[in-house]
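Order of writing sets the labels: A, B and C. Residues in every chain begin at 1.
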Amino acid sequence: MRTTAPVIAAFVTGLAMTVAFFLNEKTPFVGEISNQLLDWLIIIGGFTLLLGVVSILRVSWQSVERRKEGWIYKVALIVSLLAMAIPISRSPLFGRFEGSIYDWLFMNLQAPMMATMFATLAFYIASAAYRAFRARTPEATLLLLTAILVMFWRVPIGEAILNQLPGDFPYFINKFVMNGANTAVQRGIIIGAALGAAAMSLRIILGIERTYMGKG
Amino acid sequence: MQIKHKSTIGKLPAGLFVLFLFLSESVYAQEVNSVFRDDRINALITMVLFSAAVLLFTRWARQGKPLFLRKIAGLDAVEEAVGRATEMGRPVLFIPGIDDLDQIETIAGISILGRVAQITARYETPLMVPVRHPLVLAAGQEVVQQAYIYVGKGDAYDKDTVRYVAGEQFAFAATVNGYMMRERPATNIYMGAFFAESLLLAETGNAAGSIQIAGTGRPEQLPFFVAACDYTLMGEELFAASAYLSHEPVMMGGLKGQDLMKVLIVILILLGVLLTTFTTDIGVVFKSWFKAV
Amino acid sequence: MGFWERFENMDRRWVYLMVGITVLIPFIIPMKFPVSVSPEARSFFNAVDSLPDSSVVMLVFDYYPSTIAECEPMALAGARHLFKKHCKIITLSNIPYGGPSMAESVTREVAAEFGKEYGQDFVNLGYKYGYVSVLKGMGVSIESIFPTDNRGTPLSELPLMNYVKNYEQVKFIFEVADNATADFWISIVNAGYGVPMGVGCTAVMAPKFYAFVGAGQIVGLLGGMKGAAEYEILLERPGTAFRGMDIQSLVHFLIIGLVLIGNIGYFVTKKRKRISGV
């Protein structure tokens, strides 16, 4: 039963959603099942957030209790988590809108931290490009030259420099590199990934693939 | 691991499909003008052809016909990479993507996690699986526990192997980066959906001296993984991983069906290009058959 | 170890330092490089410009605060363009971390410039979990997914939402995204309901969306800060994106320089090893 019930659930819901895709949304019975399942997904998602909070509190508290290395940071984590759980009402101070403690903490602490982490990508890209872009083979050389041209093209002064060269380089890059080769490759990968995803979905719906449950 | 299959695969879906249609159409038919969406016939034909191809090859595989799969270097390297971690006495880090469980890439990642967990359980190598979503946490814990039980090492399973670290993308990346720099895992495996943090993770792993195997269906993240990782699985190779690692004929049959569909798409693209270039009316009609659903 | 060998094996922290210094230069010496407009950005702008006045448009804030530098200028420029054309804006977000807050701050800032009134000219629906369900559900009824707006006001009390029930009344979708939700807007809303849309995204994601532009599924594309700067130029109101192009230009040149010098070092080292028989 532990194995069979999830497989049956996956099969029935997968089939219902597939059938609903080909029928009019306002179709009674099937349309309603499909809308109900979508609503259930929203509700279940809300409850699963609790699961994550419990897990992180449990692991962090264990580290604090046992005074593991870096336990003080776990204390900071727990305090931050509880602080961001403040919004409990619609009040200006203890709610979640502009002017509340939650909003202040989010806009002045969390948002800048998130932006900072994203900004470190610039440094990582520079070091990755410096390390990876080597003309070791003809293909790598082509990649290197294309990358340099596109990097020039994407910035105003670079485009101005390209415009000084004979031939319309910016047009060439836009038409043949971005809208030509790049689009072809992106489409190929997207189609391949989509087919792979569809095949995997079909295997899951039919119960052939059960590895995501730990079975098979 | 053997999968038992009954021969209902063909009959039950067709029967239920007819039942759904019958219930929809007969009970309240007066209220709806048209039940079936005519504008999605092309999608229906594609789906039927695709399903038939996958099921046909699955059936052939079960009958014992040999099926060829090309080598995927990244997947062949998984066992070797875990062995490296065992020899060095350092852990293996596995990230099943940062998207939620309703995404097929995450399910693919979790499936691969099960295989990797079997290997780490067998070699008694520490495994760390940080996740970003609670549902993925639940699925990951189940999968890893089952893997340990399967190889007879159920007692060695640690519930905190799979842990929820943060819901926010960069908080997750920061936590994992910190773990990588402190614990220096010998092997990092990234399998699933990744976004902007892919380069943060891969570069940090590179700096920590880990061997890295990545796989994602997101074309925009592939360049970062290719630049920073030792092996990269591109697009559909991620979805093929579960079948490839298990070597089960039934699952490999699905891959062959997928390939047949790809061949069909290539033929249609070539046909479309020729018809649109050298004809007018036929080309326009041909194009209209593939109007977006 | 010779100079080239040392350069090739340079600690990555020197690269980080060089990037950091390069980023600071335009703050000291502003350069104001001229920005040209790509066909994709122009097409996006023209599509919005050709909307009838008072059209209902969904301005979607599907980006995290981490990409605020790239995406917020697009959202601001988009909101300004739409209000300039007296369009009615419905904002929503599929991002729980700050999406509704950013929607609130951007729309209120721009609404104050144009004298627009909340509830009448723009509404912020907020966030709801499960973007696939949300996008599909809004095709049937927006109110079934968002019974209240971001501040808890029932939609029935907002004049704008009295006549906007689902996608049929929406004339355009201005999607600003830094993640995969843009794909779902295209595959579910544009493909399923035929609502025209344009996408503004981070520079990393932009190459993927050229395929959708080519297929006609999106009318235009704003790629990263450059795309935002292009839209600001077309709107004749240069802002933070335009100013950011100085920094982007210099850092690109730095990376190109490092790559070229690194390759010179690679070939010199390779030649030396061949000569010495290693």
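In the analysis below, a residue touches a chain if its C-beta (ideal position, glycine included) is under 8 Å from a C-beta of that chain, and two chains touch if they have at least 3 such contacts.
These figures come from a predicted structure and were not determined experimentally.
Of the two chain pairs shown, A-C and A-B, the one joined by more C-beta contacts is A-B.
If each chain is reduced to the average of its C-alpha atoms, the one that sits nearest the average of all protein C-alpha atoms is A. When every chain is reduced to the mean of its CA atoms, the largest separation from chain B belongs to C.
Here the spacing of chain B and chain C, counted between their Cα centres, is 28 Å. Spacing of chain A relative to chain B, judged by their CA centroids, is 15 angstrom.
Touching two or more other chains at once are residues 12, 64, 66-67, 97, 130, 132, 207-208 of chain C. Multi-chain contact residues of chain B (touching two or more other chains): 102, 167-170, 196, 219. Shared contact sites, meaning residues of chain A that touch two or more other chains, fall at 26, 41, 45, 110, 114, 117-118, 125, 127, 129, 131, 186, 190. Across the complex, chain C meets chain A through its residues 10, 12, 15-16, 18-20, 23, 31, 33-36, 38-39, 64-69, 97-98, 101, 104-105, 128-130, 132-134, 136-137, 139-140, 151-152, 203, 207-208, 210-211, 213-214, 224, 226, 245, 248-249, 251-256, 258-260, 262-263, 266-267. By the touch criterion given at the top, residues 25-26, 35, 38-39, 41-42, 45-46, 90, 97-98, 103, 106-107, 110-111, 114-115, 117-119, 122-123, 125-127, 129-131, 133-136, 144, 147-148, 151-152, 154-160, 170, 174, 178-179, 182-183, 186-187, 190 of chain A touch chain C in their complex. In the complex of the two chains, the chain C residues touching chain B come out as 12, 64, 66-67, 96-97, 130, 132, 178-180, 190-192, 202, 204-205, 207-208, 217.
Every residue of chain B that touches chain C in the complex is listed here, in rising order: 99, 102, 167-170, 193, 195-196, 207, 218-221, 292-293. Across the complex, chain A is touched by residues 1, 3, 5, 9, 13, 16-17, 20-21, 23-24, 27-28, 31-32, 34-37, 40, 43-44, 47, 50-51, 54, 58, 100, 102, 104-105, 107-108, 110-111, 114-115, 133-135, 137-139, 142-147, 160, 163-171, 173-174, 196-197, 199-200, 202-203, 217, 219, 222, 224, 226-228, 234-240, 242, 246, 250-251, 254-255, 257-258, 261-262, 265 of chain B.
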